[in-house]
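Two complexes, one shared chain (subunit A), two partners (subunit B, subunit C).
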Partner chain A sequence: MFHAKIKSEVLKGIVDVVSTLVDEAKFNMNADGFDLKAVDPAHVAMIEMNVEKGAFEEFTADETELGIDLDKIKEVLRLARSGDIIEMKQDEEKNRLVLNVGNITRRMNLVDITGMSDPRVPNLSLPAMVEVTSDELQKGIRAAESVSDHIALTATPEDFEMYSEGDTDSATLRLPKELLLSLECEEQVKSLFPLDYFSNMVRSIPAGSAVSINLGSDYPVKLEFEIADKKGSVRYLLAPRIESD
Partner chain B sequence: MSNSYQGNFDVHFGALRAEGALQVPKGSACVLCKGSRNLCGKDRCPLMVKFYSRSKTRRMIDTLDLAGMSPPGIFVGRYGYPKVEIGPLVPPIMGDTAMMDTPELWVGKSIEEIVDFRFSLVRGKHRIDAFNFEKGGRIVDLTRDLALSNNPLEVEAKFLKKPSGRMILDDEVQPFGPSAWLRDLSVGNPKYDQHVEKAYYDKDLKATQAVRELYRDGVMISKIQKAFSVGAFGIGKNRRFVPTRWTITAVDDILGKGLLKDTRYNPLLDEWRVYDWYQLDNRWSILLMPTSWRYELIEAWYPNTAWNPMGREVEILSDHEFFKGRKEYAPIGGCYYAARLAINELLMKEGKQAGAIIFREAHPGYIMPVGVWNVRENVRAALMTEPHRFETLQQALAHISGRMEIPMETWIAHSGILRDFLSQRRIDDYV
Partner chain C sequence: MGVNLSAIITAENLLLEDLENKVIAIDAYNAIYQFLSIIRGPDGTPLKDATGRVTSHLTGLLYRNVNLLEAGIKPIYVFDGVPHELKSQTLAERSERRVKAHQEWKEAISEGDIERARCKATQSSRMTNEIAESSRILLTYLGIPVVQAPEEGEAQAAYMASNGEAWAASSQDFDSLLFGAPRLVRNLNISGRRKLPGSRGYKDINIEFIELSKVLEENELQSREQLVDLAILVGTDYNPGIRGIGPKRGLKLIQKHGDLQSALDAISEDIPQAECIQKIFLDSEKIEVSGLEWNEPDRDKIIDYLSRDHGFSKNRVTSALDRLKSKKRDNKSEQSGSQVSLDRWV
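Here is the complex of A and B:
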């Protein structure tokens, strides 16, 4: 059983973060909220998300798993204005999800979840931790986009750097310690990532959020941030590129 | 070749040269070679191939009034769009000519055979407005009848002047013969394909849906393309004539994308596979990867092949897409979309998802372009064979290395998909 009411902008924030990696996802509902784990089709990136019931205006649920087509939720969101309340209800008899916004009712089939098992989460110990605003990350990505299709992230005890190098040009965003919210780094670490993934992930982070970046050398990067007015948390994991000569 | 034919050589040659059908670049070695010494490096002399094929039918089409059985075939030009030249393709022969405009039946034929029957197709020309064709008159209506007809039709074309001009060679469109402006046209009674006819009369059905439904009903791609080019599909007010060259890619793209909507969510292939194929001095190896959908076509053109006539080195071109597909047109051309369709037909049939890389070496025996069908039908044919199966990428690449002349390092350097695959780690690597 699942029945909830949520502000349209909060739902949009949740959907944007998940749909960056997958078109369909399995939401694990319980009495206190929901969580979700998914990897993208190429198995290059992963998302883990927890949202408390407090993110909703009203929330009641039993332990249940709902397979949801995110494109369909987006279609409903396009019918809503900011501040509108969207009501969501599971129709167990017909295996559907029913959404109400204003006077519109939209019924959608739930996605078959057999075969959508939760992916295993790597247990990583990443030596460096950089905390920065999402706006700074956005700037670094905009600088890199026209230059190359990958981006190197470097942390040293003094600064954090985003660097991308193309055939002829290169671009750097260097943020000294003073411009960071925090920096924990004992020795330099550096990893290279596919820019399209990294940029789509960063774009889905709400503006003005604090993002903590956990980084190692030739190792995956972990991005952590909060959504839904701090009632929800997201962890993105992105696997590195390793150039072998 | 008969003696009388040889005796007529000079007459034919003079006539062909007079009308500019056999043009030779200034200062080229052709004058020294005269088709006998292969100075250009090609296996056979393209001028001689043209010459022989033209000569066999030349006297039969040297007329103002040509009657023959159209396969059926039509052509819509692209120059001057939307004011374009449309009209029938007519050979100077009767009988069952269907094969002449059905590329699905050409795999296994030699370049000479293909050139021979294609160059006997005379193209009648009539200029129309591609958007405003409803009032185009009889010739437009008859050309459309021809395009929609299921069987070859008797055609009588009356020309303003005798057919002339160079034979048309194009990398996308299959070759055809000389052309002439139409004075009048008469066409036998067409028998429409019932599926095509239904889509034609349904003016609320979108063109992409029409194309996909006809394909699902088993209508041949060459048939769908012909109907598409005469504005037979789509919402009524949007209908228009579409140049043949654009039609071919549009239909391949629509069908490939349609299949991808399903294949993209199929379970992954669980092995590495390589399909090998050899045709028209083209070597093909098709690698299927146990990964999410990604696709690349890499073509290596040897010096002296159709598209690398002057080069001294092998030219390598490639385009690729990842899971989400591509938004811009692939610069490599229509062959990209034709091969993508063929790959997705296999994935659909097997209910699998896979990555695919096509390696193609065009060797000097590939002397002239014969059209995009060559790519679509040969990839289809390759995928009908029993593949070699491997457990690792390295084993699969070693097999491909053994078949191709170009070293694997060079292929990898030109392959966006392989470079990505070899350097990009996956989440599973850290679990």
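Here is the complex of A and C:
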């Protein structure tokens, strides 16, 4: 059983973060909220998400798994204005999800979740942690986008750097310690990432949020941030590009 | 040359692109011979520079390696050391045949029979120290690693493929399999459209890929030792083989009797030195090679060596080298690594 009401912009925030990587996802509902784990089809990026019931205006749920087509939720969100309340209700008999926005009712089939098992989450120990605002990350990405398809993230005890190099040009965003929210790094670490993934992930982070970046050398990066007015948390993992071995 | 086992071997066709990022240990003499016999003027005269030095092999090595490097392949050229004494007879025979072919070529030229001249010239290809040395120099300028084998280049190349230093050995000869190469790539240096010797027709030659394990499996052989025994029955570079026994009959004999000696006993034949030949294939002298590097081609030196010293057209050499330069630009992304999956950390 699942029945909830949520502000359209909060739902949009949740959907944007997940739909960056997958079109459909399995939401694990329980009495306190829901969580979700999904990996993109190429197994390059992963999302783990927890949202408390406090993110919703109203929330009641049993322990249940709902397979949801995120594109369909987006269609409903397009019908809503900011501040509108969206009512979501599971129709167990017909195996449907029913959404109400104002006077509109949208019914959608739930996605078959057999075969949608939770991905296994890599166990990583990442030596460096950088905390920065999402706006700074956006700047670094914009600078890199015109130059290359890849972006190198480097942390040293003094600074954090986003660097990309093309045929002839290169771009760097260097953030010294003073401009970071925090920096824990004992020795330099550096990994290279595909810019398209990284950029899409960062774009889905709410503006002005603090993002903690966990980084190693030739290791996946972990991005952690909060959504739904701090009632939800997201961990993104992105696999690096590695010199061919 | 080498053992002829084609009747019992099935090969898979590959494209150059399939070999991207793969290290291939190439039997250098084998490759150079191919260039020497294929790259010739219409009447069969090899290409020569103003001072009369043969340059067919340099043309072949330049263009073919540009193709290989452009496809992202990492070639290693393995040169022969001192040939085994048992091979001397084969070599002497070959040399005789070459002298004869050379004679016939001259006759054909004087008679104006171009087709025959070309055919005979192809058979008269000869490796000289100068050819080997100039090949080494060009390969080094191209940034391609060169390995000197203690004995057979093919044995060394096969060894490098078996110990993982290379992904595969490349040679025209099936001997590489006998020497223990788990993977053999044939036609690497001649794939494409080729004129057939002695005919006016053209044929598309594909790269062939052969796996030792599959050859053994398909022929129900238990081990490489049995394949070697079969080859010795049929004839190798080191022995003439038993008259009237080809790969198919030989295979049956080995399958039935298990090993060379039992097979020979069964048909009341004898191969002198059989054990010694087995040893050449199974246990010849090899050296450990590691840390080979592929460097940037040295443009200036290549242009200098080929254009100034050997009379190559400078434009053609630079345009070949330019292909590598533009390839490198395309490969910028490769330089920045390749995407890995998160599964690696699960």
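One rule holds for everything that comes next: the second predicted complex is superposed on the first by the 244 of 245 C-alpha atoms of A that agree within 3 Å, B and C clash if a C-alpha of one lies under 4 Å from a C-alpha of the other, contacts with A are read in each partner's own complex, and residues count from 1 in each chain.
Throughout what follows, contacts are C-beta pairs under 8 Å (C-beta built on N, C-alpha and C of every residue); 3 or more make two chains touch, one makes a residue touch a chain.
None of these values were measured; they are calculated from a predicted model.
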Three-chain arrangement built on subunit A, subunit B and subunit C clash or fit: clash
Touched partner set for A:L124, first subunit B, second subunit C, both or neither: both
Partner chain(s) touched by A:G102 [first = subunit B, second = subunit C, both, neither]: neither
Partner chain in contact with A:G166 - subunit B first, subunit C second, else both or neither: second
Contacts of A:E243 with subunit B and subunit C, given as first, second, both or neither: both
Which of subunit B and subunit C A:P41 touches, first, second, both or neither: first
Against subunit C, colliding segment of subunit B, chosen among 224-232, 386-394 or 404-412: 404-412
Contact residues of subunit A, present in both the subunit B and the subunit C interface: 39, 42-46, 120-122, 124, 194, 219-220, 237, 239-244
List of subunit C residues in touch with subunit A within their complex: 21, 329, 332-334, 336-346
In the complex with subunit B, residue positions of subunit A that touch it: 39-46, 115, 119-122, 124, 194, 219-220, 237, 239-244
Subunit C contact footprint on subunit A (complex, rising order): 39, 42-46, 120-124, 148-150, 165-167, 192, 194, 219-220, 237, 239-244
In the complex with subunit A, residue positions of subunit B that touch it: 264, 267, 291-294, 322-323, 420, 422-431
